[in-house]
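Each in structure tokens, the structures are laid out below.
One chain, chain A, links the two complexes that follow: it is found with chain B in the first and with chain C in the second.
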Partner chain A sequence: MKFMSKILLLMLILANTLFLSGCWNYQEIDRLVLVAGIAIDKSETDDQYLLTVETVDIKGGGESEMNSNTITVAGDTLFDAEKNMSSISGKKLYFAHARVAVLSQDVAKEGAVKVIDWLARNVELREDIEVLVSQARTAKEILETGSKVDQIISFELDRVLKNEKRIANAPEKELWKLISDLEGSSISAVLPAVSLKEVNSRILPSVMGTAVFKKDKLVGFLNGDDTKDLLFIQDKVNGGSLVQNGGGTNNGSKVSLKIFKNTTKLKPIEKDGNLEMAIDIKTTAAIDEIAGSENYIDEPGRLMLEKSAEETLKRSIEDLVKEVQTKYNSDIFGFGAKVKADRPGVWKEIGTMWEDQFKNLKVSVHPEITIKNSAALSQPIKIGD
Partner chain B sequence: MFFRKKDEKKTNSESLLTDRSKLTNSVDANIKLFKDIFINDDTFVVRKFQNKYLKTAACCVVYLDGMADTEAINENIIQPILGGNLKEEISDGNLLEELQYKVIASSDVQESANINDMVGSAINGDTVLLVEGYTKALIISTKGWQTRPIDEPLAERVVRGPREGFVESLIINLSLIRRKIKNPNLKFQYKELGLTTMTKICVCYIEGLASEKVLKELVRRLDNIEIDGILDSGYIQELIKDAPSSPLETVASTERPDNVAGKLLEGRIAVVVDGSPFVLTLPFLFVEYFHADEDYYNDSLYASVSRLFRMVGAFVSILFPAIYVSLATFHQEMIPTPLLLSISAARHGTPFPTIVEAVLMGFLFEILRETGTRMPAPIGQTVVIVGALILGGAAIEARFISAPVVIISGLTGITALLTVKFKSFPIILRLVFLFLAFLMGLYGIIFGLIGLVIYLMEIRSYGVPYMLGTGSFDEEDINDTVIRVPWRQMPFHPRFAAVKNRDSHHRKQR
Partner chain C sequence: MNKEMITSKQGVYLLTLFMIGSNLFMGLAPSAKSDAWIAALVGTLMAVPIIFIYSRLLSLFKGMDIFDILNVVFGNVLGKIVALAYIWYPLHLGAMVIRDLGEFLNTVAMPETPMLLPMLFMGFLSIWAVMAGVEILGRCSKIFFPIVVIIMFITTLLVIPYLNFANLKPVMYNGIGPVLNSAFDIFSFPLAETVLFMAVFSALKTDKSIYRVYYSGLLIFAAIGVLLTLRNIIVLGGDLIGGVNFPLYVEVSRISIGEFIQRIEVSVATTFVITDFIKVSVCLYVTCIGISKLFGLKSYRSIVVQTGLLMVLLAYIMYENVMDMVYFAFEIYAYYALPFQVILPVIILVIAEIRIRTGHLPAGKRV
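After this line comes the complex of A and B, so read on.
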């Protein structure tokens, strides 16, 4: 009897482990509709959200085909819209492989948190989904254009963003990072901007520039060059190029520098009781293109080029900081976070009024560019006399 | 069917030999005695003869046609006794002894009064010599049945290593082992098993190396066997193994003398069974499933890599279908997006759920494998073509089965052949895991793995834990398990088998 009751107890425990676990969602792959990307708009007529999903339509058979397809459905909330959607598509929408979420300007201006909550709370969606802001009129246009390389535009956008590390003209931001930026008081969020551009007489989405947020509301955009300066400050440049005049007589020729490696250090320093931010930029670059025959490769020319590049960089970064301070007054650079980390004592005093502090923060930029080589040519191309 | 109740068995064996324990003085009466025993046996041969000079030498040889070497009987028994100079050679003493010592030219002649011995010997191909006037007889070794020549073993081929394999003759098999280990400490102990077949078996071990505890236990288990007939060592393997209902072996079998010699040198014990080219060795550990003879003949690095591959192969063979089913039906988020898309495309329009596909293809492969084994060799090709091309290709083409499942089943089947010794184990486990994956996804697979590990840890082979050394990082525990270290670094016999004399290089202890 005792043995039997022991067995029964064991079986009960085992049975519980089976039924109390969370894995009961048996579903065959071919019954799922794969969602590749999401676009969120605000309805113009009433106070409803328009949820657009780009789905992957697969035609099986000997040679399978993938086609992009979009579905747009309205709902009072996003979840409501999602629910309405499954009554249209018939199959279950599967969000786990969605790669991008595009917010329209209207949605972003109203406050990103309202929609980001659903993105983050959804059990299927991943935290590493790329979030973008559409510079076009609506967000759904972006997904509806159709891609050039890939069949699925969302996957292409995702690849472009993953490449940004090497191009440095848009700040790639995954959902989890966006949430942590929004929650922090010492940094303001930025998102990459995506716009429509005409390429080869087709309208294609292009990821370029930055959407600037204050708290969770969109306040404006930065263009691609400004974005590069922003990434310089944030120490997120691992590639890309610098283009400027080489200097010398008549300002010289245009030179492209390819960035190999960059480290930026922010240093909050106190000067006469005032906080000042020093930005030390150390960049290794190579000459990638000389649009002329000046010699920027030998030492005097190279030093001159370095100096002029440093100056250009310094000026443009200072301009950007000034612009952001006056126009948006939003600490997208993370100066506050740096002060908080390096000088917690100071932050305690000024943290609550960081907005005012940031507006008047003095910034000094110290770029140091080292030119390592000149790619495949060791001499400028000389024109014969 | 082969088992009988104990008391039934006694009456059976007694009735076979009642009142025949005594020979009489008369050859004719004795012949009648034998004829009664071998009644209805037409291979039974009686040859009476008498020396014309020495009338007392009236003899009779009794043997079984086909079992005995008739040439040897003619030349070594009948001819000398009929010879003209027998009279001079024989003094007046005991004729039987004189014949044994002076006349019969055979290496093994024994005097016996026990008719059971005589019958047994005659059955084994010996010749019984009855002499007028004696109640005893001579048993002369004339075993001369035909055997298969020593061949390369079919089931365990090697690229590098000895190519001889065991045959069906016990004595030849023992000689094959003896030839590898030329040491008087190598012991052979005969036993007879099988109440009707009376099959000879032989327990071999190296004295001073093999564990006495294991040997005692083996002898006890052998003595407890009650069975009618033993036609192959498989009977014994099943009857003496631990965990009798398990699909796993706890007693190994091999066709290769070098394998047996190696096991004996490690302190294991071998059981050779007459009539079977498969020799049993024990104790057997789980990790030995992944060993091959060649591992010891090739360099250690290659051997270690091969062993690791076999392990990965077993893992793939057992778990891949289950992992596929669980990913495809529960955890689509874990599949990389491009792969998910291609699986989705492949599954598009196929009628069966993934689990049905997986089980069907699994069965199909096993059927093809079984057919391939049983088929006469020339037809085997047809099976391959029909199986691979028609069934596999057409099933995908017609969208009955999705391509990934066919790929997975193919992979599963091939990897299972990396460790052929496993036999039913991966087939059963694969189904169990498939079922668990179908019910609960990866969660179920993890459950199954936990259960499997507990089960494996529980098994013992002759008192030695089946998973011995698992989890140990002691150099000595792992040097010949999942890897094989160079011989130089393997100075000891394994701890579990060789109890007393562990220094395998016979060096002086430092």
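After this line comes the complex of A and C, so read on.
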């Protein structure tokens, strides 16, 4: 009897292994479609969203091959569009590997929050996805162009943005950062802009410039050079170049400075009752190219070069601030956040009317450029007499 | 009957894991935003006197648990009525913790799996552990404590590139009000929940003073709690902490070192499950002890299974959704728990002191 019950128990346990094995909702990888990137458009004819996904088709075999494919589907909401898409793709769309989300200008102008919410609330999507604004007519054409280096455009865009740290002409922004910018009352959001450019007779997406937001609405774009100044203010420059007209007596040849390191400090100061923002920029650079034979390497030439580079940087940053103040009146630099952090007492008084304050905020720029070396050559190339 | 014993070291670990419980993952004091770490400090200070009361009671009646103490202090009838409160509270608390786990797994890992399932397995595990006795819990915590600490330590090292100290500023922008408010939240959840240990520490080998065990636990927890809260704020920023359900999880999910070390948030989920398990087990243990003392059972073991299943079911039906849970945990719970955590212990201590001083009760009686 004892023996029998033991056998029965054993059988019961063994039977359990049949029923309890595996996962509750397992998903086989061959029944999933991997989404690499998302583009969101507004339908022109009716009040619907157009959701485009770039999917990765992987073919097995000895040499596995990756191909990109796009699907565009309309829906009343983005979630609706996503569900509608399943009826076309046949397989379940898997968003966890999506790397970029491109918003069209129309969507961004109408208010980014409407679409950002879906991106953030979706449990599959990861919040380090990169968000961009398309400067082309629609967002989906960005994903539909052929990629130059990679098969998958979304992955390439992602890599470009990850490299931005060294180029400094577009503000890389992951979803979580965008949300915290949008939520903060003392800073306005910016996003990198992507446009289509003709390169070697092929149309390719190019990430350059900045989309400027006010609250959550797109108000305009900055070009690549202005973006660099913006990144200088935000202390996000870790590389890139400064091109400088030599100046001086023989006014002419251009010099490229390669930026090695940069620290920017914002300091709100009060001058006779008025708030003023001091921007201290400390940059270490190297001479990377002298397009001419003037000597900028010896001390007098170098000092002159530093001085004129500082002057140029100062002027262009001041111009940018002025432009943003008058044209967009949107605090994309984070001046307000800085005031709030450093002078909470002052912010309490002026925070509610920061828009007016920002418009008339005086800004003083103090750049300090140090040239540390002249790359491989110690002299300019001299042309023999 | 052989009395089960835990060493004071195990007691400290048990206490610490219990306090880490579910709350660190839901975020300490999210409403204080970037001042949450100050709130954590203030909350710890607030807990110092109340923990003195618990330890004082336990050292007055050595070897007795709270139900014995109630019996001695209030007499048989009134004591049993008050004991009902301390049976309900751990039952409810345990259910809340199980539910936390269910919601956590349901939200972040397995949205389509029925929530009852992970909760049921946690229930079975705790039933098993409690059946095995408080000694086993003590030894479990000795194994688990280093695991939890190591995971916390490693993740702290890995978030270093993501630190943004500007998030700490401005300090106390909204004044001291929200900070005190949050400090009170932290006080009631989890610090003063250690009132339940008045039923556990009767099993403590009393070679060290009970005060030391209680305060070491508090200190270790305060160190971990303040550190992790600071880390949360510095990485995520105060605004975001108030906006996500499980800040610690979100924070660790940011880690991506060289695109190689990434997606390690599951390590946080592991500590969540470990500490939840300890907390549920302690709650279940206390409930069972209480019920067995109430009805004069020989051993609490005969009722563990029923009580454990009840706890899981209570967890399953107690909230409609995660919004209810967050509302109850952060808005109502602090006031709901106040009688169990503060008012009753203070009354018990006052009456006990009076009766001992007047010679009605011998102090330090061993049962």
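Observations, loosely collected:
To be clear about the criterion, the second predicted complex is superposed on the first by the 358 of 385 C-alpha atoms of A that agree within 3 Å, B and C clash if a C-alpha of one lies under 4 Å from a C-alpha of the other, contacts with A are read in each partner's own complex, and residues count from 1 in each chain.
Quick note on the criterion: a residue touches a chain if its C-beta (ideal position, glycine included) is under 8 Å from a C-beta of that chain, and two chains touch if they have at least 3 such contacts.
Nothing here was measured: the structure is a model prediction, and the numbers come from that model.
After superposition on chain A, the partners chain B and chain C are accommodated together without colliding. When the shared chain is aligned, chain C comes close enough to touch A:Trp176, but chain B does not. Of the two partner chains placed by the overlay, only chain B lies in contact with A:Met66; chain C stays clear of it. In the superposition on chain A, A:Phe155 contacts chain B only, with no contact to chain C.
Once chain A of one complex is fitted onto chain A of the other, the partner contacts of A:Tyr94 are limited to chain B, with no touch recorded for chain C. With both complexes placed on chain A, chain A has more residues touched by B than by the other of chain B and chain C. Judged by the touch definition given at the top, the superposed model places A:Ile58 against chain B, while chain C stays out of reach.
Looking at the shared chain after the overlay, A:Ile29 reaches chain B, while chain C stays out of its contact range. Across the superposed structures, the minimum distance from chain B to chain C, using CA atoms, reads 6 Å. Overlap of the chain B and chain C contact sets on chain A: residues 25, 126.
Contact residues on chain C toward chain A in their complex (touch as defined above): 107-108, 110-114, 117, 166, 169-170, 173, 237, 239-240, 243, 250, 253-254, 256. Contact residues on chain B toward chain A in their complex (touch as defined above): 328-330, 332-333, 337, 340-350, 353-354, 397, 399, 439-443, 447. Residues 24-25, 123, 126-128, 176, 179-180, 183-184, 340-342, 344, 347-348 of chain A touch chain C in their complex. Across the complex, chain A meets chain B through its residues 17-18, 21, 23, 25-30, 32, 34, 56, 58-62, 64, 66, 94, 96-97, 99, 124, 126, 155.
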